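In what follows, structures are represented as structure tokens.
What follows is chain A paired twice: with chain B in the first complex and chain C in the second.
So, the complex of A and B:
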């Protein structure tokens, strides 16, 4: 699944993360009539004109390309909500705001394919870019506090793309720290109470939804 | 110890180490300038690390702290770890130090390595993710192999993300199709 150029710490390519993100449900407004679709991942439909329906993102994009629907942007993607999120991100030093796990990928897909369905698209786009920047800097600053005792890292409410970017770096850094820590004599084994300590893999692993 | 085939490991063990012989050695041409072929007990010679390690385990030599961990380096690391050119000391500074620590009788080596790495790691973190290509060569020349690995991992993932963000063609033709096939006879 991962690119083979990095045999030690496999990196999901950005396209793979995008592929995974396309499973998220999104609302569309079809403009034609269609029978229910019985797919492996679930049943969708029947589609009636002007009646909103929830479909996976890949299906929504496919229908949109054929001109059969318009996509309704998800509710977190409004200018007011994003502005509020941006303010909150800038205010808090360590905490991340709760955004959908795949917000980067969803927003990019919608910008590419559903440009006319999103009101104030330029504003939304620039807000999302700013949010992404601020969060990334926060990620970096929270990664600075490593130690030899750190065995795992947890950062709450991080999104899939951000996790993917730092994954190889953090994995190698943790390994190096472990290696160097084994040199130190065991003085006092008080484990360092990192403010965010848990399994980072649980944030990066895609949750398999029950179908 | 799954690093038998690891190239970095092999090269790291090639580093020269000065040792003091505990027993006289006959018939080995370690010191080319000596007249006779045997080396007396108590003399200092330079051996590669892998050899010194084995001999030390047989108690045939005692190992001295190599030059790359000497006082001057220690003082520099205490002053400002981020700017010390560790590559000029040894491109395998950390790995070498890890191997040296058990056999050389110096307890502070571990602390030195650890504190150096921790401070440099902070610098590395910020620079790796955000630096442009202009600044890269200047920083890379100061890092050991291990740090360069970290750096490049971060760089490649950030670059991949940026490339994806720009967009572009979702589908690329397979490289096999690009070549014109010569018609078979």
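So, the complex of A and C:
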């Protein structure tokens, strides 16, 4: 997709989205003792060695960088789960599988900072890349069916990164459709001549595309 | 030849269209059950052959498809091998999971029991095939020689050979005595490559004279037993190569199934096929019914069926004239013991063999069999002398052998146990937090709340690593090479201790201590023991303890000084150290006939050289001790194999109190491996079934588990509350115990007092909720009992509000009278008792008053020990109570009330007086009687007598408490 490669078109940069994703909670196994942290986003801890604790991703990464913990990869990041997701993703043309909203960013952060904590990292990595590609392809192909009748696009369980890439394009496309539409009635303004048809058209426009 | 059709029923889901799976089917020895499995289904089904319509029993223990099944000849044990690399044993026909007998690095393809059931052969895609001693689960031998994955295994019925076959069509004859290859026949069977739905199999004729192998020309070729020469072949109407074959029980007939989807029945003597059947799918496994004329078949889609009257009635039945028929009583080696942790304690558990009865009761004593049995043991011996040929056995089994040599009190003696009548054995010594040895894998010698010691054996040496959980605190300890073969270890903050059992003359039992930091350069030391063997080790502050096979407790100082040698009363089970205290568990007698262990514990105080405690260690019937140690607060705790955690509490003059029962909380597929505990939580590693212990990699993660007392399910259905209630009491009594100890030692107890207050507040909260649930289920008497247990006056008021809201005026009245009695009692115990005598209607109150009087008497004796903070505390709590009572009582059962009060006034000791003054002036619903209290609350303004009363008041509730919950639970 053309939009994908041009960051100017997307609403946020990938870094910004990653920043947002860093607030997601993740489980760590600390190897130090530390009192609870009372942060604005909540209280975390106390941290006891070898006992798992839930912390935001940014904290996990910071601790990991200092060698103070190991990160437990989330459940969905196992080869087994991902294989299943990938298969399901490939099987269904329209449906998107349920994955965390920030799956791209979380996996990216973990691959960067906690590669030794993920079992079968190469497998997991390639699976996630495959899933991402498959999903993207689906998004792309579904957007190809865009036409003048579309006034809104609804795609269920799309992830943050995917939405971010698609949204500006869709918004602009819809805008231009609307602009063209608004030109249209002036050219063939046939008031109340065929009320039924006009009605139909407007109805058709409002129907949300179930994706 | 007529073609009959046979209806097949689905037992396992097929892997998918055009994806054949490799299924197996087996009869048990009595033909009561059929066992089926499929490589596309992790479940094993046990079908009742007599009631085919009833649903099968499903065993779901594997994580992946099951590729191989085997049943021991006496049908007491079922073995299964799977793509998940593990071989598991189950009881049969019950199907209870027994143990993971071994693990491979690649999928298993074939399993076979030998005729006596004492040996299991397992093989698959791994390089070597393993011979496993089923008695103790040790690997007797690893046979290497196949290039491809081994798909067929068959023990010679006469017990001398094992024949194995790989997917490339190579057959190897192994001699079981020596493990040597006798014959290698290359490429005599079809090469099935990597298609694992087609497996090459082979089978000995029941008399053991010929070996049948699928041939290259769509036939079955017979090979001679000793010379491995080709004898003859069965060739006929198979259009494609044979993929499975099975001898009839008497060896007269053979069933073969081909890739051409037909099954042929052969008369072996005439070398002619007598019947055939075509199927929709390829039949991948068949099994003759041991008694009768039937053949069970299963196809690649997981559908099975029983082909009745296979052999025409004009001919001899396939089960008639079974050669050297001893199918009904194989040598009677009952494979398993009832204990769950067979794997943990191999030598202890394998023991329950009751050959006594069976082998002596046999009608015809087959001397050949004896020979065979002998050979099994020979092998064990050889294997021991000859480590190079086989994989290194577990240290435990070595120990066993050594004992055998010494012919000592044959407790772990395999040979001895054959002569003994059936009964379970005394538990072997173990280290808390250790895991059993697994060949080729790292294992824990010690895992506790501080760190872990792991070891792995490689080519005669072991590599030991020491890790601290808190990497910031502990020193970095370099890994070490261990030439001794340590099997026991213990770790604390200051150092680690290691010990090994003795292995033969040259390798004496050694004890080694390594301090982590010491000012002296060479401060590690070791001791050698001649003629005795270290069985357990423990560490504390400044001392090291080792308990030996001569039942001696040897205590060394940190520097290696031999300080004490003490004789213990029995063979050691385990030992654990905490600061100055050493706890040792010993057997006090042989097992009871019910199989229960009789063990006792002794606690020594090393620094004072005293014996702090001694007594029986209770275990759940039929269980063994799994973990033993101290909680973080220093309370003795034990965990047994039935999942019950007990601590030694001061209640009832010191008794074991169960705090956690795994059966109450656990989901069926989890087991708890205890590491430690503190006042409120259990630290353990949760292991997914069937594992009973964690592996070193990936690093186990500790889980916090809340205590759950094994309570009876009560009629008010508030088990969590009741659980909390008892836990709080236990907790309170522990703190009070500590306070007493601290007061005696003249230490400051104010922080403990704060703890008491917090726990009491939590307890009141819990009681109020219990009262609510009691009222809801109309147990008013119980609610009244509960109200009396409330420690804060405000909570009582809360309870009154609560019952008023619940429209129980009767109860509210009763509560009010309780409150009055209470307030009067606070004013002066004498008045209270007088009032109680008048109020003769409620006998229970009188009883309470009597007990109050008693405790008051006791308290007057103990008051001199109590220090000033107590009074302040008391005042504080009253303050909190009162403010809460006047301001917040409208919120009825707000659980946070006591805490609010506490925190508000925690730091207001100075402002105390003014506050109180303000309080008294406050109008509203302050109780009339309450105005009496502030005056008695001030230590300064009251006389000494008042003080004592107050102290008694502050202290009165706790001593009563322990008795109350148990009264209650007894009522339940």
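One rule holds for everything that comes next: the second predicted complex is superposed on the first by the 173 of 211 C-alpha atoms of A that agree within 3 Å, B and C clash if a C-alpha of one lies under 4 Å from a C-alpha of the other, contacts with A are read in each partner's own complex, and residues count from 1 in each chain.
One rule holds for everything that comes next: a contact is a pair of C-beta atoms (placed from the backbone, for glycine too) under 8 Å apart; a residue touches a chain by one contact, two chains touch by 3 or more.
This is a predicted model, so every value here is computed, not measured.
Asker: Let me test your reading of the model: by the given contact rule, A:169 touches which partner, first (chain B), second (chain C), both or neither?
Answerer: first
Asker: Report for A:119: first if it touches chain B alone, second if chain C alone, otherwise both or neither.
Answerer: Second partner only.
Asker: How about chain C: which of its residues touch chain A in the complex?
Answerer: Listed in rising order, the residues of chain C that touch chain A are 468-473, 683, 698-704.
Asker: Which stretch or stretches of chain A touch chain C in the complex?
Answerer: Listed in rising order, the residues are 29, 31-33, 48-52, 67-68, 70, 72, 119.
Asker: Can you list the residues on chain A that touch chain B in the complex?
Answerer: Against chain B, the touching part of chain A is residues 6, 9, 11, 13-15, 18, 108, 112, 136, 140, 143-144, 146-148, 161, 164-169, 172-173, 176-177, 179-185.
Asker: Applying the document's contact rule, which stretches of chain B touch chain A when the two form their complex?
Answerer: 94, 97-98, 101, 107, 109-111, 113-114, 117-118, 121-122, 125-126, 128-129, 146, 149-150, 153-154, 156-158, 160-161, 163-165, 167, 170
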